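Each of the two complexes below includes chain A, the first together with chain B, the second together with chain C.
Our next item is the complex of A and B:
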């Protein structure tokens, strides 16, 4: 095999949301079956629909009688021979219901199919072609959407007396597609700039191929939803039309049954079931489509499958109560044995595993590690931002901020201190800022929600904080999209500074920026920190970024602290093999050019962390014991490091000589 | 001089912005002459909005140039008439995209994109040979075992693995030049080096040239033979990688180099005050486009657009104040970033 470069063996599954669905090995069919069987709505929907399909396919075999034969006494009550009684004409109601199923099912599928086909054609072409085509098609869609459909159908049906099945399908289909078309159009618009479509064009694909084979398959769930929605609507409308006598009165359908029942005043004439049962059938068939629609949504979108933590499978959370913590004026934040678990459809995933650290007033702490190592989760746990839509929960430990254990605070108490005493700056300012409000309006909202400042005070404070981050206050009236990426991130930081908090928690605030903007933002954060004296926790995957700015560094690997120490010392003499790997992972702009290897492999799946040391499968210095014994945090040179090679006063470098020959082949790739 | 693999002459792309009658013109790329040799890795560096990605899309024929011409193996692209000729070009010059999470169709298995490329561009291959070829390119980019990988869906792969799929898709065309548009900027730092190594080994083993587009000059130094620096639609400096990055002559290149975070060096201070970003070039006037941010700007810079001129062997710089090596007065050619640049006395005054 001629593999090139550092290979990434696929033995480990990536962590994160993909985990919940990453089981395609057994084939899509098996997966789908499992997903359906586990979803109650899907089971009910499939059962109902199957029931009606069987009735529709084999009415002759199932129905006890000819539905039109007037052979019994009229108006019989329910009995063993006539479960639902007989009509005023002496027909068996059960047989009529069974024979009537066929028409409703045919209408549902025909209208669903027709409406979806038109919706796909119009919606996708409008969005993909753009320009005038989009204008015209969207206009037609909108016009159809606002037409009051029921009156229109009545008018159409009045021209077409005793409308047959075909007319009904065409009319309902032609009027029922607009809602789906709008959804498909907006979905296509959001796809239009996705790079895989551009990739297909660069590859040389024709436009037709791109629409049919690249765009449509990604919208399966929306197309299915549009089909089910149209089918539901068709069943209800068809029954309604036939009920008011606009269908063929001799046809066999639930709506026609209702029509005759109403004409014979069935409700008053002791033939209640004649009127009720067709309605029940319509409702059940409609419910089948609605259930399937919901179920499909849930199955195709794992985010909707929220689960609660099964507490028996996580180490029980201690009853914390109010911690009796002595107020340490030097320490602003103390994190004690903090663990966070995410609920998944299998075992819970422990994303933060017993993390301890302190933060002094005005200290700058960098938290580094690769994606999927739990650093963002740690930050969310500290800020108490876990909970819907994130399914994580603190299972253990304390977060003591200025003497209060934040884990035990209520949402109201948290609201009171968030922004005012600590604030959070997220990774993407474009997502965190509201696109339809000006910067001034967003600052005003924040101030009003968290303080009783007057509007004059708010205005002057807003200007002040913008100046702090070197943004001209004229941008108060700008909308987020009018600012450049760097300015948006600086505006976010300005908002975090509104109340001069004691702690600012930052999640990769610079990672979306170019090097120059990134550097100037880092310098600015550091200057503000020195001037205003807030403490900062800064999360990043790029260790070099914080080298000049953080006082201490916390290196996280696979949910645990791998190394914790002074930044300068950690950069000079990294102890943990993982820290060394991170440090050597990026090329330098100076010095001799050396070939770098990075860290081969991926962080482990946190649902199934490897035995022994979690880094051992990727570690170039791992010894046999590393795969068995879980290392503890050791104190070495005033730092903390989780590595067996430092047990009993040994050093990593002592081992390197011994193990240089024995680098594990799969880790080295 | 023999004809390079790819050459552009006066490559220009403008976009109309604004309303019908009040339309203005955004100058995304202006008068760019660049060459890429056979088996060469050329880095195109600059910040977002500098026009790098527009150049990538011009070369990949997503956009048509407003002016200028692209010559591939000596033949102008504007003469490509038939679909067959255009397909031949797209198989010679494929593109790898920035965002590994949006550049693979999530509805298909990994084999889809690679297989389509082979089907479109190498029609002579039988179905069995096609699968073999898919496995071969996956193996080449280090996605092993290929038989398992090709059956996976994109969500089952990590970002780094997806980006390797992007390279596998390009390789399936048997390309001569791969345009890689910021292929590592969305990946974890620890994964980036693997992709960079992959690119340089593909060049060694498959003889592919690369246009590597990035804003990270350190990674450009790691793999590129030559560096082109772009600012606001203009090419402002070019030359051999070590030369340009160790002795940057254009003030913008100096700024870029000094902004690279480097724990092994003291904190550069030259850029602390610089919070500017590349401007959107709408209806530009004459003059240097970097002049508003430039600490060394002189009167000429406001009136005359600097053109690339030769300052040293294979070194081109578009700056009125930069000087050739022989007149370097700092006396220390090895300095970077933190030190004042080699500038004329006039500029310092």
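Our next item is the complex of A and C:
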């Protein structure tokens, strides 16, 4: 279906782009074999295939008898001498089966190889050349795909009776490539504009070189799948042709055995195994290819793999001495020590690590951080929207919403408060709206799920909320793809307002839009919030976007809270070196011009967070202790900050004087 | 509009390719199989019919290839496929039309049934991911999808007809019953269709289950499914209108693409059961070197596949508003 990592949904990857790239590379090389060894279906497939390969290679050594020699009594039943009995001609059935393996195996591999070679050639060139060449090649592919191969082969065989092995392989191979070619074409199309190919083009490498060395290696699993599919169909079709007598009747093959068995009415004449065993062999060899094919599908499509989180492997937690916020009934939401872990093929990855915060009624909280720091996971953990199907799980902590701990609520109980009391707005409405339902239908099902509203009431409420976000209600009958990006985003916000909930959780609702549209939507969200009075948690990586709208800010770094405080204060005097870096990464709208500094390096791989302070490898102010001791969340000036430089009432600025002279190159990079 | 035109071009090209294949194969193959067949017609058919057959197989035509080709296209367009040797002196077109309802009834109905059932089972197994059904069904159907159709047909005849004697062994109806629309006859036809239908169903349903399961699992990771959960919709509603409605779209394309495979298997099933449909007649014509009948049946099979693809296209357009807007 797609290459490793390509189908990971946005905003839910636990460990950011670094790991995705690494996984994509791993999918090709030696790890393919490791993946095969860990897949039960693949192991069964390999075992079966090995078994038949051995039979095909050494039939003379393994088979007890000459398969064609008519030396025994006809129609013997199974016995110690003849495991599967004898044929009506007095031949040993077991020996015939063993000798028959070779032809099926040869046909499978020859047809698989030939068909795959054509598929690669046609599929990749069609996609890579594009234009008219693509049009013609795709049309040919589609036509061959729908022409039933079997009748066509029969037509050909009808004119040339007793077609030999060679003819069979050529015809099956020449007709069996179209499915693979189609898959390879669409995969190449999706790769065509990727960066590494652009880079190769810029380097001036030749097309041929680019195809062989840049494109093909990324499609190993698809090529393997194409081979396996063609091999499976070759085994089945060859057996079918021989069975109806369109092969060489003197050849040693399972299909020919079935032909003779049927001609001698083996089933009626109590030579049942004569007719059953060749079919079992065909089915088993076919199953070997089918199992491998299925396993490769699982290996290449991460969504198909199921991982269960092994809670015992979530490392034992250290006591970090949380700043204890007393329970406050005025709060609409209290998040306490919330942790989320994802199962991966190695150790579980903790994507949200003991996060605490609270939210007052009508408050607007901004959650900021680089991509991959766990902010989206935090949102979905709060909304109880982690797996299934994703493997993220809340491992500890509470999410107390209006006095109830949502972590412990049942799905049914949760369903009743969803959308009525809290709703969700997602990053891309293009993905978050059901493409096959109209906007009206998607509003209607939410209303029907939570109220006894009549269809008239639902329609008028839907119109009302669309007007709230300045969309003409005429668009209720539109499908998502018929709306512009900005309209879709607004329609999703309108949907979230259907029941005027107390809390709306927003995951970067503006980042899919251009800068101007972003601003105006942001202003509108803020106006709606003031007018309707809902509380909001707003995730963004753009700190300047929330600066004028949020009451408080939560800065996340590497799954943890780095800093939490009033927006104004945090902007004026950011405490954590990371917050400073984030602020310096965006131009200020007002005030004097300052050089944009940003933060060197990338956020850490959450599977292996750095020891001590997680920010220390990128921190310009890190001291030796930062690499050893994991900092606690400290209360400084009424804010919370996770930084050792503030221990014992010290200030970051004190340290800057000390360390400015002695910044080691390592600390700077 | 562009989309409709492109599909139309695809249908025409496929049809043209099939007809041209029919025209070219007898001319390309070595040997004189066609010649020996023509000899059997001599003196039995009128000169005009003989000439049409000669053009169809490229024997004694004394014409240029392009001229033969266009004459042949014209004959095909008017449904003139010649005289059948097997059912002499019946016209081929008449025989084909007689076999067609049997195949549509058996293969058509079972294929659609297998698709619908398989899609439903696939949806449910994916929805109950990791459950008993999901652990059991995929491996079983990986194996059944590798069964040779004809072999399963043989086995079911042996078990249910020969050993247990529950059902008739072969044929489309009992030769002693009168062919009419009586209950007795219809019941007899149904009884004869159970075993072949079962064979086709078992071997073809696995593919639909597995692809639908994998499609659904991919769809379940989509944001709109998460959104549906966020909205607090009932699980069955999410399964149907969010997961199912979207996951079936690629399955419909898959349906169209694997029809060739299904038809191939069905031909063998009809052969094993001596079921009087297009597939059985097709193999009879091959055996009797009745090339005129064979060519017509080959075209008929492709027409049937194209009609099914058209139906799948229509279903896709009905279920997916995005395809509708491309028209």
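The definition used in the following text is that the second predicted complex is superposed on the first by the 468 of 669 C-alpha atoms of A that agree within 3 Å, B and C clash if a C-alpha of one lies under 4 Å from a C-alpha of the other, contacts with A are read in each partner's own complex, and residues count from 1 in each chain.
Everything that follows uses one rule, which is that a residue touches a chain if its C-beta (ideal position, glycine included) is under 8 Å from a C-beta of that chain, and two chains touch if they have at least 3 such contacts.
Fair warning: this is a prediction, and the values are worked out from it, not measured in the lab.
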Identify the partner contact of A:189: answer first if only chain B is touched, second if only chain C is, both if each is, neither if none is. neither
Would you sort A:371 into first (chain B), second (chain C), both or neither based on which partner it touches? first
So in the superposed three-chain picture, is A:297 touching just chain B, just chain C, both, or none of them (first/second/both/neither)? second
Quick check on the superposed pair: does A:283 touch chain B, chain C, both, or neither? Answer first, second, both or neither. second
Return first, second, both or neither, reflecting whether A:121 touches chain B, chain C, both chains, or no partner chain. neither
Once chain A of both complexes is superposed, is A:623 in touch with chain B (first), chain C (second), both, or neither? neither
According to the stated criteria, A:147 is in contact with first (chain B), second (chain C), both, or neither; which is it? second
Of the residues on chain A, which ones does chain B touch that chain C also touches? 1, 7, 9-10
Touching chain A in the complex: which residues of chain B? 47-49, 60-62, 86-87, 90-91, 94-95, 97-99, 102-108, 113, 116-117, 120-121, 139-145, 148-149, 151-153, 155-161, 164, 166, 169, 188-198, 201-202, 205, 215-219, 221-222, 245, 255-265, 267-268, 271-272, 274-275, 277, 336
In the complex of these two chains, what residues of chain C are touching chain A? 9-10, 13-14, 17-18, 21-22, 25-26, 29-31, 33-34, 129-130, 138-139, 142-143, 145-152, 154-155, 157-158, 162, 210, 214, 217-218, 220-224, 226-234, 237, 241-242, 245-246, 249, 256-257, 259-261, 263-265, 267-268, 271, 282-283, 286-287, 289, 291, 294-295, 297-298, 301-302, 305-306, 309, 319-322, 325
Which of the residues in chain A come into contact with chain B in the complex? 1-10, 13-14, 18, 21-22, 24, 194-196, 198-205, 214, 217-218, 220, 370-371, 470, 484-487, 490, 514-520, 522-524, 541-545, 547-548, 571, 581-583, 585-591, 593, 595-600, 602, 669
Once bound in the complex, which stretches of chain A touch chain C? 1, 7, 9-10, 41, 139, 142-143, 145-152, 154-161, 179, 182, 232-233, 236-237, 239-240, 243-246, 258, 262, 267-268, 272, 275-276, 278-279, 282-287, 289-291, 294, 297, 301, 303-304, 306, 380, 383, 385, 388-390, 414-420, 423-424, 426-428, 431-438, 445-446, 449-450, 479, 481-482, 495
